Structure formats: C-alpha cells, structure tokens
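Input: structures, listed below.
Two complexes, one shared chain (chain A), two partners (chain B, chain C).
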Partner chain A sequence: MTSKRSLTPYLQVTPLALVLLVFFIVPIALVLIVSFFRYQMLVGLTPDFTFDNYLDVLTNPTTWRLYFSTVKFTLIVLALTFVIGFWIAYFLVFHIRNLLVSIGLFLVCTVPFWTSNIIRMISWRPILGKEGLINQALLDSGVVAHPLTWLLYSDFSVVIAYVHLNTMFMIVPIFNSMARIDRALLEVAVDAGATRWEAVWNIVLPLSKTGIALGALFVVTLVMGDFFVVSVMSGGLSGSATTGMFNDLQFLNYPRAAANAVILLIVVLLIAAGIFRLVDVRKELVR
Partner chain B sequence: MKTSSGRRPWTFYALAAFFALFVLFLYGPMISVLVLAFQGPSGALDFPLRNPSLIWFAELAHPKGTGDVIGAFNRSLPLALIVMVLSVLMSVTAGFAFRRRFHGATLLFYTAVASLIAPGLVLSIGILVMFRFLDLPAAWYSSALGAHLSWALPFGLLIMFAVLGRLNPSYEEAAYDLGASRWRTVRDVVLPIVFPGIIAVALFGFTLSYDEFPRTWLTAGTKNTLPLEIWTMTTNVTSPALYALGTVTTIFSFLLIGLALGSILVIQRRRSAQR
Partner chain C sequence: MNEAMLAPDSTRPSDRASGEIRLVDVTKSFAPGSYAVKDINLTIPDGSYCCLLGPSGCGKTTILRMIAGHETPTSGEITIGGQSVVGLPPVRRGTAMMFQSYALFPHLSVLDNVAFYLKMRGVGKDERRRQARAMLERVQLDHLRDRVPAQLSGGQQQRVALARSLITNPRVLLLDEPLSALDEFLRLRMRGELKSLQAELGITFVHVTHTQPEAIALADLVVVMDTGQIDQAAPASTIFNQPTTPYVARFMGGQNVLTGKVEGQSGELLRMRTAEGWTFEMPAGQSPPAPGTTASAAIRRDRVTLRKRDAEGAVPANAVPGVVEATEYQGSYIKVTLNTGMVHAFVANVGDAAYAAEPVVAGDAVLASWLPADVHVLTKPDLGDAGVPYLDISH
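Our next item is the complex of A and B:
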C-alpha cells in the first residue's frame, strides 16, 4: 500500500505479540524448564537439571502404546475427515449453481461447530448406546439377537465423535480454496477431452491443496492433543498421548507431566512443520 | 459439473445423497438430545420418550443434584464476551499490520500458528505453573482468559488474512486519489468490505471461549465455567437434566449464531441498497 516505513504496523501488532508472549511463549518455556526439575513425593518440585523425567516417560511401555493408539486414531480420522470434507466442499462449490444456496448449505455444515463439544459428544449416547436407537432398530428388525456393545464406549465411538467434531475443520478451508478455482479451467479440461474424474484429480485436487493442508493441520493437532473425547467416548477404556500427562497432574507430578507435554508438543510441531514444508500456507493465505 | 445449465450429471445425485447423509450425521444426535430433554419423570436417558414434560428444565433452575449451572453460566458469559471484544480489537489491528512489511512478521506469524496448534492441555500446564511461580490464584478472569486468548487470537488472525486477502489495495489508492482522507477511506471503503469478517472473528472469539474445555480445565481455578460444569455433570448426573442443559446451551448458541449471521445479512443488504 504505502511504501514509507513507519511505526504503525509495530503498534498494530503489539497487543497480539504481548498476549502471545505472556500466555504462550512464557508458559511453554516454563513447561520446558519444569520438565528438567526433580519431583519428590510430599516435598514437591526441586529445581534441577535432570533428564530423569524424560527417561521415565520414554522407557515406559505405556507411553509407546498410548502414542501408537493416538497415531492410529489420528490417521483414521484424518483419512475420514479428508474424504468427507473434500466431497462435501466439492459438492457445494461445483454442483450447487446458486451461490446463496451454496452459502446456506455451507452454513448448515458449520453451525454445529459453534455449539458445545461436550454436548455433541453426549448426544451420541441415545443413538449408539446399548438401548440406543441403532440397537433398538437392529433388535426390532431381528438382525441381531443381542444388542451390539461395541457401538458406544469403544474405539468405534471415539472415531465417530472425532469425525463428528472435526470434519468442519476440513470443510471450511477446502471450501475456501475451491471457491477460488477458476471454473473456466474445468471447462477447458472437459473440452480438451478430460473425464470428470480426471478433471477432479488433475485440477481440483492440486488447486485445493492449501485448504487440505490447513484442514489436516487442524485435524491432526486436535486429535493428537485431545484427552477428553477419548476418555468420554471410550468410557475410559482407551487412552491418548495426553493420558500420561493427565495422570501425572492428578498426583501433582508436574515435572513428569511437563516432560510428557514437551514430547507431545515436539511431535505435534514436527507434523505441522512437515505440512508447512509441503504447502506454503502463509503465502497462499495472504495472496 | 461445471456447465451452468442442462441436465445434472449422476454425480450430482450421488453427492447430494452423500451430503444429506452427512447433515443427518451432524444433526441427528443433537436432535435426539433435544427431544429427550422433554422426557417424563419416569423416562430414561434413551428413547422412547415417555410422558413428555418440562421437569428436567425445572430441575436446572433449582439445582439440588445438578450443581451450580447458573453460577457457571454467569462466569462463562462475561469471559466469552471479554474474549470476543479483545480478539476483535487485537486480531483486526494485527491483520492490518500484516498487509505491510515489518521486521519479525514471519516470526510473529509462526508463533501465532504454533499457539493455535499447541495442545490445549500443554498450554494449560504452562499457564498454571506460571501462576504458581507468580503466586497468583488461577481464575476465570485471569489465567483462563489468557489461555482462551492464546487460541482465539490466532484464529481471528487467520480469518482476517482470508478477509483482507480480498481487499485489493487499489480500492484504497483510488479513494486517496479521489481526495478522500485517511479516516474517510477506512470508513467508506475498508470497513464495509471487512465488516462481515469482523463479525466472523467475534463469533469465533465468543464460541471458542464459551465452549472451550481443555484450556479451561486447569486454568479456571476453583470456580467452574459452563463447559467444566457440564463435564462434571456427565459423570455425576444420570438423569435427562443433562439433556435439558444441553438443549438450553444449544439453543443459546443458535440464537447467537442467528444474531451474527442476521447482522451480516442486514449490513450486506444496506450496502447494496446504498449503491
């Protein structure tokens, strides 16, 4: 806009920078510091520089089992939300001819996001429970003789809840990317003899990669960092990468919880960095 | 697929059916909770609905076994409003700063992104430890407010990027060339284009805070916010009062979304009427 150098942008970002400093950088730095402290029963924390907490966490087979389970959930949920999000966005952008209808249906998809996540989790109970709607229907029609117990409080219901809660994070950025694609490109492709599928594969998919990357970033980090969905929807049967942290906190073992937190943070940031390497999200956003 | 007239291809019907299923998946469970909230005195947490009544809503107003729902709401609402106002002010101004070059822009951007994706529980531990070190009590208006802002602000910033990306600088240049003052340009050119985005930031700020659980769990101190109260209820309360609470909070959210979207619509209409 203006080429003259001024103080204005610095003043404009100061509040944001301050909040991030006080409520993000400092707390994370403290987590890092505390993770090297020593914890003693009844005494509490003693400042130290020990790797014991990390050794403790990393040599515990439970940690590896929980991380494996979290990664499994993350990959399943990522695949499902991507497939659903991509085709829903594709339908809204390329199949709905009226812009107002398209925006209206888009809102229909996003409105539940603005309601309470906990209520949305609980709401699966009358559907999937032992006496829930699905079991009632299956029993009444004689498909099964006994109610299915794996519908609720199982890995199945955990995945259902993740997809239910997080698909929005795929739909919105992919929708945003697709809306910017020039329709003429598709017409040219079809005129040049491409099938509908080829046009999707060679034009729509590559041009929505920013949206897909952003969506993946959200879904991966939300699932990796989750504790509450897993514990509610599995009925306490499954854990997640955060379970160890949660248990340590209950015993006020802050150093080990902090070590756990640092490991999780590193894993999440590495995944995010990987995604950012594939797609320069910022350049695409600002453009 | 891309032609604007003519017969719809079969893929349209396949995807329309898929879309309908997805909407059912999104809303079905919510509707069942809405219905079961009206369960009669003898009714259970599952279908069928027996002797529909309002007793579970009445129980919410007179908390005996259900906990302090109203007190929790009286904390959650002001917290969400503060987060909303601050995230609008801060992310809108910061969004404008990012349109120019300044030192540290990239660093600040990636810090904001890191803040957005850092697991809520990790951040909560950090904020809790920070308050312990400073010997301050954790409370909804201090530690929880900060925890909510560190997630609502980067979200607001991303929305502002998307909105400001559509604001072509040549519009402002044109206004200046025609002799408009700086303030006039902001008021008549920039704001009308950016306003729907500002409402989006406000709505996000409010709901991210109002519904936030992981970031509040450790940072709210001794008094619960509404999501924490609901969380406690899920483990203690085994009556449809839980569904009644779910219904009330969902209706509240819907009213708010309606208000936000309605005001965007009114503004758009007024703007097109002016032309």
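Our next item is the complex of A and C:
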C-alpha cells in the first residue's frame, strides 16, 4: 500500500516525461553526439570523439560574420518590437475602456497570422520592390529621380519582415502583464501629481517587466533561429547563424552543422539566462 | 505627536489652508438620463471627520472621487477652502486620497511607496526618503521600510497607505472604504487609530463606508445617502436618535418605523392611527404634519417594553400587539423580533435584567409598548418604497 502510494507521483509525471524525452532530450542528445563525429568528403560520417568540427566552425570567419549579423538583427528587431508592442499593449489595456472593443482590436492584431509566413513576406515585395508602391509613389511625386534600391533585398527589408512577423509575440505577454495592473495604481499616480509619462515610467513599465522579458525571449529565439526570412528578404545577400548550418547540410556535413547548432544553442541559452537574471519570469508564469 | 515630523518641508505655512469642502448642486451623470448623484448640497466643515454612509451604488464613492478630482461633476460647484476646484487636477486641490484596498505599488519598497507623492512633486531622492522615514516612524513601520507591500499584513498595508497619502501634508484626506479589507479585530483597532490621527492632524477627513457602526463611531458629520441623494447629514447622535426619513431610521438600525394617519393634536402631543387601528402619540415637534395626512414615526428599539398578552383585549394607545418570531442574545440586551402583521418586523431590544424578569420565547403573544417621548415624527411618510436597509445592524 505504501509503496504503491509512493509510486503514484512518478506515474503521474511519466507521460509528460516521456514526451520530453522522445521529442526534446533524445534529438538534442543526438545532435550533441553527432557534433563530435568525423566527416570525410565522399566517405560520410565516422563515429569519433573529435573537437575538429567545433574548431572548424569557430575558426571560420564566415561563422563570426553570420553571428555578428544575426545578433545585429536580433538587437534591432528586439528594440523595435518592444517599442511597438509596448505601446500597442498599453493602448489596448489602458485606453480602450470597452473590454469587447479591446478584445476585438486584439484579434485584429492576429489577422496577419491567418495566412502563412511565406505569403506575409512575399506581400512585402509589391510594396518595397523597385516598381513597388513606395518607389512608384516617390517617383511620381518627384521626391526621388531613381527608385530606392535599399528598400527590398537589404537589411532594411529583413528588419521590416522580422518586426512584422514578431511584434505579436511581444504584444501578447506585455498585454497579459498590463492587464493585471490594478487601475487604482494609476489613479494613485494621478493623485500624486504624476503626468502620463511619469505614470508609465514609474508604474506601468516596471510592472510590465515580466511580460517584456517573456516577449524578448520569444523574439530573441525566433530571430536567432531564423534562416528563412533573412534569405528571402535579403535576396540571399545576408545570412544568419542558421544559414551556415543549412550550407553544411547541403554538403551532408552533419557533424559540422551539429557543432554549429550546439554553439547556437549555447548562445541562445546564455541570452535567455541573462533575461531570466534580469527578471524573474517564473513569477509571472506561476501567478 | 510631533507636528514638525509631518511637514514635507520647512517652508510649510504655519497656518494650514482651510479644508472646508462645499458641494453646491452637484450632479454627476455617467450616461444620459441616469444620475450617479443628483443635486447634492453639502458643507463639510474644516477639520471635521465626515462619513459618507450608504449602501453600494448609492453614489458615495462618486462624491468622494469628485472631491478628489478623479471625476468631474456634470454640473454644480465644488469648493475646498473657499476656492473652486472643479477642473483642477488632484495635486492642485490639496487633497490626498487613500484608495480602497490601498493600491500600494507592488514593485516598490514601503519606503519608496511612501516617498512616491514627493517623487512626483520633484523632491530629491535623499530628501524624500528622509521625509518618508520620518513618516514611517510616525506610523511605527520604520523597521519594515525595505519590505514590499506583499510582505505586510493588512493592518500594516493600511498604515503604509495612510502614510503615503499624508506625506504631502494635505488639507483634506479622502478615504474610500479604508477599513473594509480588514478583519473584524483589526477594523476596530484601525478605526480607533484613524479617529485619533484625525484629531491629532486637525485636517478634514472624508470617509466613505457602508457600515453604520463605523460611521457612528468616527464621524462628526454623518451623511446618509440613498440612490444618489443625501437623506440626512447631521452629527451621529442626531442621525441615530432623530432620523428624519424612514430610510435613515431603518438604515441606521435602532428604530422601528410605524405609519398611519394623523388624527389631530392635543397640546404638545400628536395623535396617529395606523391602518390596523392602533393609535399612538408623540411630541409634535417644530412642523407637525397636518391632520388627515399620512405620516411616519420612529420608535427606538431599546425604549420598547414587552409584556406577555393572554387575553384578546383592546390594544391600548402607544402599543402594538405581536407574536415573538425570534430572540437573539446580544450580551447586554436581547433582540426580540415580533411579527405584528406589518411589512417590516417590529424589533424590541430588551435589557438583560428586564428580560430575565419576564422572558419571552418564540411563539409568545406579547404587547410592545413605549412612552410618547421616545417617538418622533419623520419628515417623509413611509411609502414602502424607501430604500430597504442594506445592513440591518441590530443596535
């Protein structure tokens, strides 16, 4: 009887533990193991324990260039999605008095997600392209003599696409944090003589911290792990850390791709750890 | 205690600005055609403790928020210390508000919570922290200054909220149900603290509550409200002993309301006859209702004498017959509820000695009688639609 009872909690966690094991731990363990294998052109993989793949990746200037480019995009996109997401969430939570209107507008924010990623990106082409809407308008109004070429297939268009795709992931957790703020706190601020800016700075911003951290975590992982958006929107001119892996996989160089993946994983984990250090996100999740 | 400790800075004038609040024909409407409060006229003297008392939704919080500047009246005038404040932000009214459930900033320490009002007024960090510590010492919470509100008990949170509102040295402190979040024991203690604090500071306190004993215990001026209007504004003893309307009489508890036709006046005494045929007399007062009109009178519960009644005899004047419905032991007295056939139960609070002399139990037929001097006429007849008591406190 007693032994049966002590088994119960283990049985209860078994299904989830199995799911985690099969779909999370095993694949990562495989990647980790393969990253130490030896790769020989035309021969294939040989089981081994070598750091050559890591050395190869880390000494390659292309890796550093791609990582630099990825981190640059991540930071720019993080800043933009935070500013845009924070104010959209602020508007929805504190300026729309009617809950139904607020929920309705919130759903409007999700409209772009009703279609696929590819469609959303391709739809930028007729806007940003050489003969696109913006360039036509600028040409016709005589602002520019030649179409702007940096609008599409550039870092600019990559950032535009990232912000477009990822702002929602910033809005949702910030909205969630803000919705829990007691309105009376803002009235206290008004009572104390705070301006709207002071109230946002002293109350809304610190109390939205966990939401901002969660949103940042989403955006960082999504941008750091992206390969597709950057290649499509830059027209192949820019790459991301994942582009290196993709190239290795094309040559069936699984060990080097795996080593690269492990490095990327460590980098993202470090960033996540940094965010968790700044803000106790767990507090938000268990609340 | 030390007055100087309260001062936010040394430049504070020694004679405090007047905290007299005047509301003239104030109306607030949130939606066309319906009124939260209507035609409110009220003067709260400087340095008094005023309680706005009424059931939920009667408009008392709306009045408080209009005085605070968190709502703008639809029409009417509000002055504080003789100066019109309509349209002014709270910070320029010299008021401070203590919010219901305190609304402490969860992310700030106790010290920074108290210092917040000064921070918004541009007081430097060291200075505002020094003043906040002095304020916390005053409410005996200095040892908790580095905690966050979640780590405090309800009573401690209340004192932090008080300290936070008082740090700017307001001339009026507005309290929105300040005691409702506390348990019974703390409520009584904090009630005492509020009263002595007000006496010590000498500033005007306006306190919103729906609890009668709270209002009676605290207020110099009790304002009883019913659905957007003031029924009676008077000192607590007047409200309790001489309610003017059936609503106030019932809401404050302690009174039985009887309604009948005025038969006439003989000397100082007014005679009234109920639909049941019972008659009673009462002092006519200043402006007695005309003979033939319907009027209501209130009889204090604790002035009612009960006698067992065996014969189906005629009912004498100044008495009603009834059957005991319930008895409730209250310590110093026993609350006896009678069924008299009227809409509202008739309640007699019988002293424990009197009860011991002639105990009654449920089902006993009794006669409840009283002296004409313990009855007084109400200005409005009880038409049955006057607000039903929200909390029937049996004092």
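Quick note on the criterion: the second predicted complex is superposed on the first by the 270 of 287 C-alpha atoms of A that agree within 3 Å, B and C clash if a C-alpha of one lies under 4 Å from a C-alpha of the other, contacts with A are read in each partner's own complex, and residues count from 1 in each chain.
Just so it is clear, a residue touches a chain if its C-beta (ideal position, glycine included) is under 8 Å from a C-beta of that chain, and two chains touch if they have at least 3 such contacts.
Since we're looking at a predicted model, the values are computed, not measured.
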Clash or fit, chain B versus chain C on superposed chain A: fit
Which superposed partner A:F49 touches (first chain B, second chain C, both, neither): neither
When both partners are placed on the shared chain, which of chain B and chain C touches more of chain A: B
Chain B versus chain C as contact partner of A:D182, first or second or both or neither: second
Once both complexes are placed on the shared chain, angle at chain A toward chain B and chain C, C-alpha, multiple of 10 degrees: 80
Touched partner set for A:G225, first chain B, second chain C, both or neither: first
Partner chain in contact with A:V190 - chain B first, chain C second, else both or neither: both
Overlay on shared chain A, then closest C-alpha pair between chain B and chain C (Å): 7
Common ground on chain A, meaning residues reached by chain C in one complex and by chain B in the other: 187, 190
Chain B to chain A touching residues, read off their complex: 1-4, 8-9, 11-12, 15-16, 18-19, 22-23, 25-30, 32-33, 36, 44-47, 89-91, 93-94, 96-102, 106, 108-109, 111-123, 125-127, 129-130, 133, 146-147, 149-150, 153, 157-158, 161-162, 165, 169, 172-173, 203, 207, 211, 213-214, 218, 226-227, 230-231, 234, 242-243, 245-246, 249-250, 253-254, 256-257, 261
Residues of chain A defined as touching chain C within the complex: 182, 184-185, 187-194, 198, 202-203, 206-207, 209
In the complex with chain B, residue positions of chain A that touch it: 1-2, 8-10, 12-13, 15-17, 19-20, 22-31, 34, 84, 87-88, 90-92, 94-95, 97, 105, 107-109, 111-120, 122-127, 129, 131-133, 136, 164, 167, 176, 183, 186-187, 190, 196, 199, 217-218, 221, 224-228, 232, 242, 245-246, 249, 254, 257-258, 261, 264-265, 268-269, 272, 282, 285-287
In the complex, chain C residues that touch chain A: 68-70, 89-91, 96-97, 99-101, 103, 105-107, 116-117, 119-121, 164-165, 168
